[in-house]
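Common to both upcoming complexes is subunit A, partnered first by subunit B, then by subunit C.
Our next item is the complex of A and B:
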């Protein structure tokens, strides 16, 4: 109460009144018109989203309903379901679809199994300093070109590569090029995308919850099963969406280390290039899109998407 | 207190974090059924002692015994104590009932039994109808009670409470204090209560340990701690105290040394009619602060010492308009605490 009395009079006049500039008037106008603010904020990204994402998908769907003139090689814009029917019934497409989904699932499982302990160590064990270094270490491979990494694995997996050299003393040998090599390489490529969401999810689990579980008599296994896993389930799902979706669309890795095996992406690539059948390629490309939508629908039912 | 097997016995307990000694050779016996508070400012080591007892931290040196058994090397899930966490630490993905039943679940109690016992525990904290809710749907006070029910349903031999009332507003805190005290009497187990709120510690505890810089500065009943502080730190931390240094003591108390005096033990009167007490002194009224039931007066004594005086508000209340006027203050010799001799006694 003495503070007011003892303060020198006129102290509050030392702050000059704001000047009436154009920028100030604009700010006042904007602050009074929230809708205009929202329009300015979102119009550019919404335009981009509409044009690039939605329009491209729609174009894909439409192209799948066209056909190619077998003589001229020109796309003829006559509407037909032939491509869709071919893709759905052809045994080649069914085999490759099953193979692709199998590879994507295995890659996802391998990634989750590797990512869980790494993310747990990063979030709950490492010191804050080590934590920062580990985050950078996990992100580091993303700075290198995808192609370089795939070819690096080709060299690692080759008959006279490092893997062969490492495993030979134990009676093992490199899997060589094929689907196992594809799964190994894809797991490596997508691992950062799986570690980071799980790490973020674990960061959100307070340490006191782990302590509370132990305090109440829960041993390590019970704590992981009953407290940690249920709480980071949405994060695991988020990571799995990355590895699953990215694996479904890949065709370069399998070309480099997959031997003669083809995935859906290879079929799309062949039809766009060598076979010059864009409508069929579009129809094949719809398969992974439908699968991903199906995956998201299943995931949604577990309630995981609400907690992302 | 000097029983053969105290509920908890700490011997030479030390915890070093890097270069910081958080807990420094603490020796302490806590009796069965005692409501024991560890009081101190943040960073004084009280919470670390609690976490060492719970097993969340491993001591750098020293031992911890529960009922005569050395548990220093045991994991938290192997110790018969349970903790009520400062942030309650309720599992957000479980219902209130599942939270309370958790300790029984991991111990392998059948589903029917554990849910029945969890329901009973929720009744005792008056949350009978809330079993199906998620913790996020409860208020702070309700979460606090769930945490209590969850920690007590497994029948621990001691309950550790880490500033459990810190997040509650004043009214709720006072209400929860009463409930805690009742719960402790009902269960008859040792409560170890960590707080930085001296009033809370004084209200609830059978005994208090005042922590400062990793050491126990004073150990005693609330009355001992409040009336006979052994050091300037305790005198200043527990309640408000006027601490007189050697020179001021010489002029006010009549002999040198370090002394403390509680504000409510000082009487105040006009300059020309001093209170009829053993000692009196003159000064100027520097500040008058109305705090409801009482008035806090800041007096600048002529001997060069600023003191605080607490006066109960009655018809003759000192008004704000008397600021700056000359006053006389007085106090009795028995109310003056000799901090140096008290320290000497405590160290014997």
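Our next item is the complex of A and C:
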């Protein structure tokens, strides 16, 4: 800096003012108008999401208030609450809703319980090299097709599959097809989506905090409960949004490994396809929509939505 | 907190067990792709390379692969642009309805696919009167891919702050120059990671695709669903799954390398 000050003024490098081009003027104008900048940034994505998604969703919900003409099979636009009342009071819908939410909750719990130790090992114990390999190992199965993985579990769980073959010597046997198989398969499918946010959350916990807790006499259990858990809670919730929401709407896995069981997704699918009753399907679809919105509203305060 | 050797050991064993469980079905798929049994019974009765040679000659599978790559590429491109715009808006500005916008971005992934699927199907066919085609699939996929780009980019923006951009502006760079030379290079690896996830998400999507694909459009998952339960085709599906997993190592490895290199710099 002293060199600059002592140099004769004539030798100082002078920066010419920027040329006054059209682009320059536009740039200056935008710099002076942050609201206009914001509008330009937001207009394209909001146009897309609003037009493509929200309008479609709203139209679907309105359809729930219409009915299907039993003779022509066409949707007739007479306003009625019949579909909604059917879905709210029908025992089939109540049973299936409880079953679906139960499956989704169990899948979420299984995934979190499995994800926590492996994510902790990846983030805090493994060497940087092992860490990189582990992340790849967790990510890779995401690329094997969802269908192939579900079908692989069908093959693993079948009566002459590898699980029976492995367990038979110990007197165990495969659970076969049904709700347990559905829960196993769904947990398997969504596990990477739960591990990754929790791993990212744990990476953000500085090692120095763990050491400080240890230095202050915190045992491992207390440190995990009082230091680590509160910090990674949003990440856990973020992972749970994936496993819960993805399980709530699934109908293909349950078709492949679930035996004769139906989930909400199956009811929607049957009513759109075979039964050709879009209004009723839309009314059934309201159940997971309400549940998800409720769930998001509850977890919004944890800051989980910023950890997805 | 100091983890004892025993605790580290237990964690390592648990990690190993989970990885074993993760790879068991994939291992079964791999072995079955060489099995002479078409019903996937275990242990496999014999060894054959027939499925591998048939898979590489299966026109249906190869066409579906091309379609899937096209759909995923365009959807990823759209979501990269829209995701970056929306994360810049949400991270750098405060405005009325900001929370609603961030909810709007995650909604397509948070709501079950079948709802997105029938909503878009209904909107395309009955409201807009558009024939379902490959374009409708791309539009649908781009909609739920935005969120993966958004998450990666906004996390990066939050971490890096605006100091460099302000310095660039102070030194006389215009908005576009600053974005091109300062903001974009800092976002590059986040864009790569987000784009990779978006591509994977689109490439494997089946439910929304079922409802938005036109009659002649077969993405790879749709083709697999058609052929999964045909005894003579199921082993070919296994071959394709094995190839996809092996090929996927390359982009994931690159993403890891980029992320790792940046960590060292910081």
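Here is the rule we use: the second predicted complex is superposed on the first by the 259 of 308 C-alpha atoms of A that agree within 3 Å, B and C clash if a C-alpha of one lies under 4 Å from a C-alpha of the other, contacts with A are read in each partner's own complex, and residues count from 1 in each chain.
To be clear about the criterion, a contact is a pair of C-beta atoms (placed from the backbone, for glycine too) under 8 Å apart; a residue touches a chain by one contact, two chains touch by 3 or more.
These numbers were taken from a predicted model, which means no experiment stands behind them.
In the model built by aligning both structures on subunit A, subunit B fits alongside subunit C without clashing. Within the superposed three-chain model, A:88 lies out of touch with both subunit B and subunit C [touch as defined at top]. Contacts of A:213 after superposition: both subunit B and subunit C are touched. With both complexes placed on chain A, subunit A has more residues touched by C than by the other of subunit B and subunit C.
In the superposition on chain A, contact of A:168 is made with neither subunit B nor subunit C.
When the two complexes are overlaid on their common chain A, residue A:134 makes contact with subunit C while staying clear of subunit B. Using the contact criterion defined above for the overlaid structures, shared-chain residue A:231 touches subunit B, although it does not reach subunit C. Taking the C-alpha centre of subunit A as the apex, the lines running to the C-alpha centres of subunit B and subunit C meet at 90 degrees, rounded to a multiple of 10. With chain A used as the common frame, subunit B approaches subunit C to a shortest CA-CA distance of 6 Å.
Residue overlap on subunit A between its contacts with subunit B in one complex and with subunit C in the other: 211, 213-214, 218-219, 227. By the touch rule above, subunit A contacts subunit B in their complex via residues 1-2, 206, 208-209, 211-219, 222, 226-227, 230-231. Remark: subunit B residues 54-56, 75-77, 82-83, 85-87, 89-93, 102-103, 105-107, 150-151, 154, 287, 320 touch subunit A in the complex. For subunit A in complex with subunit C, the residues that touch the partner chain are 15, 17-18, 23-24, 27-28, 30-31, 34, 37-38, 41-42, 44-46, 48-50, 52-57, 59-60, 63, 114, 117-118, 120-122, 124-125, 128, 132, 134-149, 151-153, 155-156, 158, 160-162, 164-165, 188, 191, 210-211, 213-214, 218-220, 223-224, 227, 241-242, 245-246, 248-252, 264-265, 268-269, 272, 278, 281-282, 285, 288-289, 292, 296, 305-306, 308. Interface of subunit C with subunit A (complex): residues 1-4, 7-8, 11-12, 14-15, 18-19, 21-26, 28-29, 32, 40-43, 81-83, 85-86, 88-89, 93, 95, 101-116, 118-120, 122-123, 127, 139-140, 142-143, 146-147, 151, 154, 169, 172, 174-177, 200, 203-204, 206-207, 211, 220-221, 224-225, 228, 234, 237-238, 240-241, 244-245, 247-249, 252-253, 256, 260.
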